[in-house]
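Chain naming follows the written order as A, B, C, D and E, and within any one chain the residues start at number 1.
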Amino acid sequence: AGCSSTGGLRAEQARNRAAAGAGAGGAVDTPRWKIAMVTHAGAGDAFWDTVRKGAEQAAAKDNITFLYSNDAQTQNQVQLVQAAIDQRVDGLLVSLAKGDALGPVLAKARAAGIPLISINSGAEFSAGFGALTHIGQDETTAGQAAGTTLSGRGRRNVLCVIHEQGNVGQEQRCAGARSAFGGPLQTLYVDGVNLPDARASIAAKLQADPALDTVLTLSAPLAATGLQAIRDARRPVELDTFDLGTQVVTGLQAGTVGFAVDQQPYLQGYEGVDLLWLYRSNLDVLGGGKPVLTGPQVLTKDDAAALATYVARGTR
Amino acid sequence: MTPPEREERPEPSEARTLLELTGVGKSYGSVRALADVSLAVRAGGISCVLGDNGAGKSTLIKIIAGLHQHDEGRYTIGGGEVRLTSPRQALDLGIATVHQDLAVVPLMPVWRNFFLGAELGRFRLDIPRMRAVTRDALARMGIELDDVDRPIGTLSGGQRQCVAIARAVHFGAKALVLDEPTAALGVKQSGVVLKYVAAARAAGLGVVLITHNPHHAYLVGDHFTLLKRGRMSGSHPRAEITLEQLTTEMAGGSELAELSHELAGGEARTDPGGARTDPKERPSP
Amino acid sequence: MLAAVAVFLFFCVAASSFLRASSIGTVLYAASTIGIMAVPVALLMIGGEFDLSAGVLVTTAALTSSMVSYRLTAVTWVGVLVSLAVALAIGGFNGWVLGRTRLPSFIVTLGTFLMLTGANLGVTKLVSGTVSTKPIGDMQGFASCHWLFASEFTVGGLTVKATVWWWLGLVGLGSWVLLRTRFGNWIFAVGGDPAAARAVGVPVARTKTCLYLGVGFCAWVLGQHLLFSFDTVQSGEGVGNELIYIVAAVIGGCLITGGYGSVAGSALGALIFGMTSKGIVYAQWDPDWFKFFLGAMLLLAALLNSWVKRRAERGPAR
Amino acid sequence: MTPPEREERPEPSEARTLLELTGVGKSYGSVRALADVSLAVRAGGISCVLGDNGAGKSTLIKIIAGLHQHDEGRYTIGGGEVRLTSPRQALDLGIATVHQDLAVVPLMPVWRNFFLGAELGRFRLDIPRMRAVTRDALARMGIELDDVDRPIGTLSGGQRQCVAIARAVHFGAKALVLDEPTAALGVKQSGVVLKYVAAARAAGLGVVLITHNPHHAYLVGDHFTLLKRGRMSGSHPRAEITLEQLTTEMAGGSELAELSHELAGGEARTDPGGARTDPKERPSP
Amino acid sequence: MLAAVAVFLFFCVAASSFLRASSIGTVLYAASTIGIMAVPVALLMIGGEFDLSAGVLVTTAALTSSMVSYRLTAVTWVGVLVSLAVALAIGGFNGWVLGRTRLPSFIVTLGTFLMLTGANLGVTKLVSGTVSTKPIGDMQGFASCHWLFASEFTVGGLTVKATVWWWLGLVGLGSWVLLRTRFGNWIFAVGGDPAAARAVGVPVARTKTCLYLGVGFCAWVLGQHLLFSFDTVQSGEGVGNELIYIVAAVIGGCLITGGYGSVAGSALGALIFGMTSKGIVYAQWDPDWFKFFLGAMLLLAALLNSWVKRRAERGPAR
């Protein structure tokens, strides 16, 4: 199409030409190992996509075949772990959002001699399941960080938007925020895969309760939706969020988003693979029996400009 | 062969009344299908219900069979008033019905349809016997099916009707209610059905027979109830009416005259009289 | 009809903020995003078929439009038109496979549903490198597309979004097609008794394919709204919405086995669903029990509807 | 009134042949429904197909109407060989059919069913006219419906059949194919249908008529094709056969003799002969 | 049948690790957790009805069992039995409402589905304070319950979980009921033509209620398995599985409109689904396209099935 236009791919390529390309994967001389990552993510989740990207880049660097699978249902996640064991992988990365349930199958992994590192949530189970270490963020701590920041910013009445009903991590974030935040904090359940509906629900809540002055969302897409809802409700409400995304960074820069609590998903994937490689090739273990925390990191307008490039390429 | 020694057996009024409808009425929403209809079925008697299309015959049958409920009037079985809320009740009282739309489940095999609702064996169906009984019952009606496992929906119209009739005959204990049983049947099968009806009477069952064929009716009936637009337009014991009167009444009297006149004038070869039938002319075998 | 009024009145009483103009705007918006798809889904259901892929097809339409515009760096209208072609092609594919294979539509559209879900994610990652598309808000033509699909304007305090107009238009169009055209007669027939319809000369397969094309068209409309109001599209969206559309149609009186129903009914169904789900928020009931209330209200609304209908059928005489 | 001046019109073999089947066969899976059947329908001729239940009559009709396809033999319409893959094609060639199972959509209003597939107006249905036409066509058959908006599923069996027949008569342009049209009809309506059949012949249409009633057949038919278990057991022009012969052949000849004998012996009042009918006895109007 | 074999052979070739004993154990386990529920869902579908609440009902059964045992500090068997009662009660409720109101089962069970989803979350939060239950692994009776519902044992390298036995048992039982008992005859009849069934004296409402009770029973079995193999239960689980059960039944040949199908077919459907979804993992295909492959494979399997069936029907003669 010869139509000239603003924005779009050509603009991005122009931007990219200015920046230097990242270095290609370095060659290591270890044999080609196979590492599997099994998470509790739903399909098409932006957060987990970043985790995966980190893991894939580490795998490329370390000469590793990286297998990724995910399923939001406990039962299915367990079956996927079992499938990884059946495939005789050389290392296993598992997210422990539904900790207890994974115990038996992880015991099998250990019995099969597969080194294990847990990532993301579930630090409390990690050692018990015999994981080398845990790389992630404690959701409650992250929630508390958000709560503290909220009171620091003088917010009085907060709405915490849960976009996946019954998700432990999301519950913990809201609960953490509630415990650290002085004032009232309500929750609202919306459907994370139906954004127009989520938008209407948030708007409805804002219209119903005039006391609310802050919306706290738990993921980047919901942050964008929350912004729309605030516009619909025509109320001066601040939006704060967990996780980063293009629109969150734009929002931070523009001042429509107050702050974002980030846990560096890229790091969870990258370090997970890299640490397994280090363990296999050098028996290195990080953390000294304690979880290695990748967050929470509270980002504000000041950090936004610097982050924009990395977010745009999908690694932050 | 117009009724020869027909007067030999009197109207069996002294026989036991199996079921009786008195002043029964029924509306479907705003459609008034039946009003003030009375009918009695006696053991060993055949009660014919005759009438035009849409006269309400099937509605009457459905009330008797417990498929619909009457809005007005009384329905007594064996002397006690009843209000059947499901066909099961009627069946349990020994009343077996052949509905005009046959009540078969198209995708089910013939033998399963035959025994539906009255299966042999509760937790262990006696399948070989069920198959055999079905095959026999059909064969006796002149329908030879080599495979009773075929879905009944693949049978021809007449074959389906035969299954429904054979089923009712097989399970009817006290009364047999037949809604246009011979409609889709060939000459031979019709004869068999009439034979069955007569045999049922001989066995002391009460029969309600609906037909559009006055000759069929007159051949076996003991009592004739005529319906017209949902109301009774006549109720005659056999002794009080001739085949001619019956035919005239069924065809709507004067209207018919007009029609046949019109036909005779317009086209020599067509004859609405053909719609009426007569058992007189029997082929010499 | 009565059920919708009852739900409305109920929430007017139960939630003080429900009756405000701004709230009504929000509820209407929620209803419209369901209602736009409920129209073709209802028609399809009257025609005796399902479409499980309707929910993700909306996302596919949005993704296609966004990615085509972005990759080609073209005026957004190019993407919009390509997306229309793709949405119609997928709808047509559903109908074609159905006609060719005579598999139940449940299986066929389940296959499409899964394939689209996978393709949405796979293609997006292939093209954008992430699971969501790049923002296209700064591209040429965005403003006019936004006006068409995602604008809003305010009359006397009531903010009405573009989707509401689309919804009304589609309901009108759908009703007219169903009740006043030859094709509408065929829809009833193929749903009520396909064998009979075929016997009297109705082109059964063609009718059904047209219905699937209708689903494609409406998915395109809603997909464009999604894109032009949110600027980027998440590739995982839309899963599960197909059931909501079916629910709206069924609450509105469509028979799940086909042959009976109305487009206006589907609109009422969408309205009931929208009012209920948002009304519970306005009423500020315990959010933990949200779904419980939603289920109970829907059941009550459906009960009321069927009760009214049965009374009406029995006639005024009694 | 047995055929009076019937011999006046010869078998119209010189008339144009509208459609012709030659050596046609058809199997449903392992069931062989038709084998080597031939039939010709001429403009202004009435071709009757007679036979027992399950003989294959409806299968033949379905092939003619394009609902099923023949496995063997040739099917020509207007001289050219065809292989109809959909009923639409038959309809477009002017062949209107009344199927035994009627082909109506139960939940749709009567008038929508009447015009289904041949609606008046493409994007703007002429609803008042469609309603009026439906009401008229039914009234002419003796069915008075005050509300043609009722779902056709709530009509009585005969009323439904009348809708199907009226529809075929209304839309049949060249040939009319009727599968047991009078099965569920009352005396009056049957007369009307036969009148319609005669009128169609007079208008130069070809008619295929299936019936179990030899009298109806003999009254209007020009040619009689007899089927037995899927094979032709006879094909007679009107001139070559008498009503008696026809009836005997339809009832299966010797088997019938046996049956009537049995009945006569067992039960004096029943008579399988009642299954056969005769238009002779017409009530004096 | 052929489709299942074809899928199996396909993955044997495509995925080297697929044919190992341990992999087969995993696939069988995956199939069994679908198959256990596919049995009653198939029966229900043959009987002409849907159950959208089947997925969450499993979770409800698990939650009830866990919370009752924990709160009462009783032997886990108490919870197990209470849970059975609750699951049957909910199934019975579905059937009862259906019989009383004559609403379509889609609406009724959608109501139950939403209400259960809400209640699962609401009650769990009320009782445990979080969205998952407390572990009950150390309670009395856990070992025996675990043995019954979640044990596994290994024959010649092949690890077979208890659910596989339950599955086989339920398939046998279901087939027997469907084909060899009076009740089975009634199931076909109420699904094929409820009006005709009623006319010949089949108790339509009672038959359907029994079918819903069957769903309740199997949901209980699977729920107990979840509880005793995972020790805790997440309250949000199970949503969406109802569709998978229906899919298994439909792939297995059940008619979505009722009146036709088989229990063994549902088992094959579950097996095909299990093999496909796990086979793609073993074959290490790009997980982004997972759903795409899944959809395509299911469609192909269904096509193959219907093609074989049509050939078979046409008879060996031709």
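Methods note: a contact is a pair of C-beta atoms (placed from the backbone, for glycine too) under 8 Å apart; a residue touches a chain by one contact, two chains touch by 3 or more.
Computed from a predicted structure; not experimentally measured.
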item	value
Which of A-C and A-E has more C-beta pairs touching across its chains	A-C
Chain whose mean Cα position lies farthest from chain E	D
Separation of mean Cα positions, chain E and chain A [Å, integer]	33
Chain B and chain C: spacing of chain centres that average the CA atoms, whole Å	51
Chain B-chain D separation of Cα centroids, rounded to whole Å	24
Set of chain E residues in contact with two or more other chains	117, 121, 255, 290-291
Of all residues in chain D, the ones touching two or more other chains	none
Residues within chain A bordering two or more other chains	43, 165
Sites on chain D touched by chain B in the complex	1, 4-6, 8-9, 28, 31, 51-55, 57-58, 100-101, 142-143, 150, 154-159, 161-162, 180, 182-192, 194-195, 197-199, 202, 212-216, 219-220, 243-245, 247-248, 250-257, 259-263, 266-283, 285
Residues of chain A that touch chain C when the two form their complex	1, 3-12, 42-46, 49-50, 165, 186-189, 191, 193-197, 199-201, 203-205, 207-209, 221, 224-225, 228, 232-234, 245-247, 250, 313-314
Touching residues on chain A, where the partner in the complex is chain E	43, 67-70, 73-76, 78-80, 82-83, 85-88, 98, 100-101, 103-104, 164-168, 171
Touch list for chain C against partner chain E, complex	50, 52, 97, 101-104, 106-108, 110-119, 121-122, 125, 240, 243, 246-247, 250-251, 255-257, 286, 288-296, 298-299, 302-303, 306
Residue ranges of chain E touching chain B (in the complex, touch as defined)	180-182, 184-186, 188-189, 192-193, 195-203, 255, 259-260
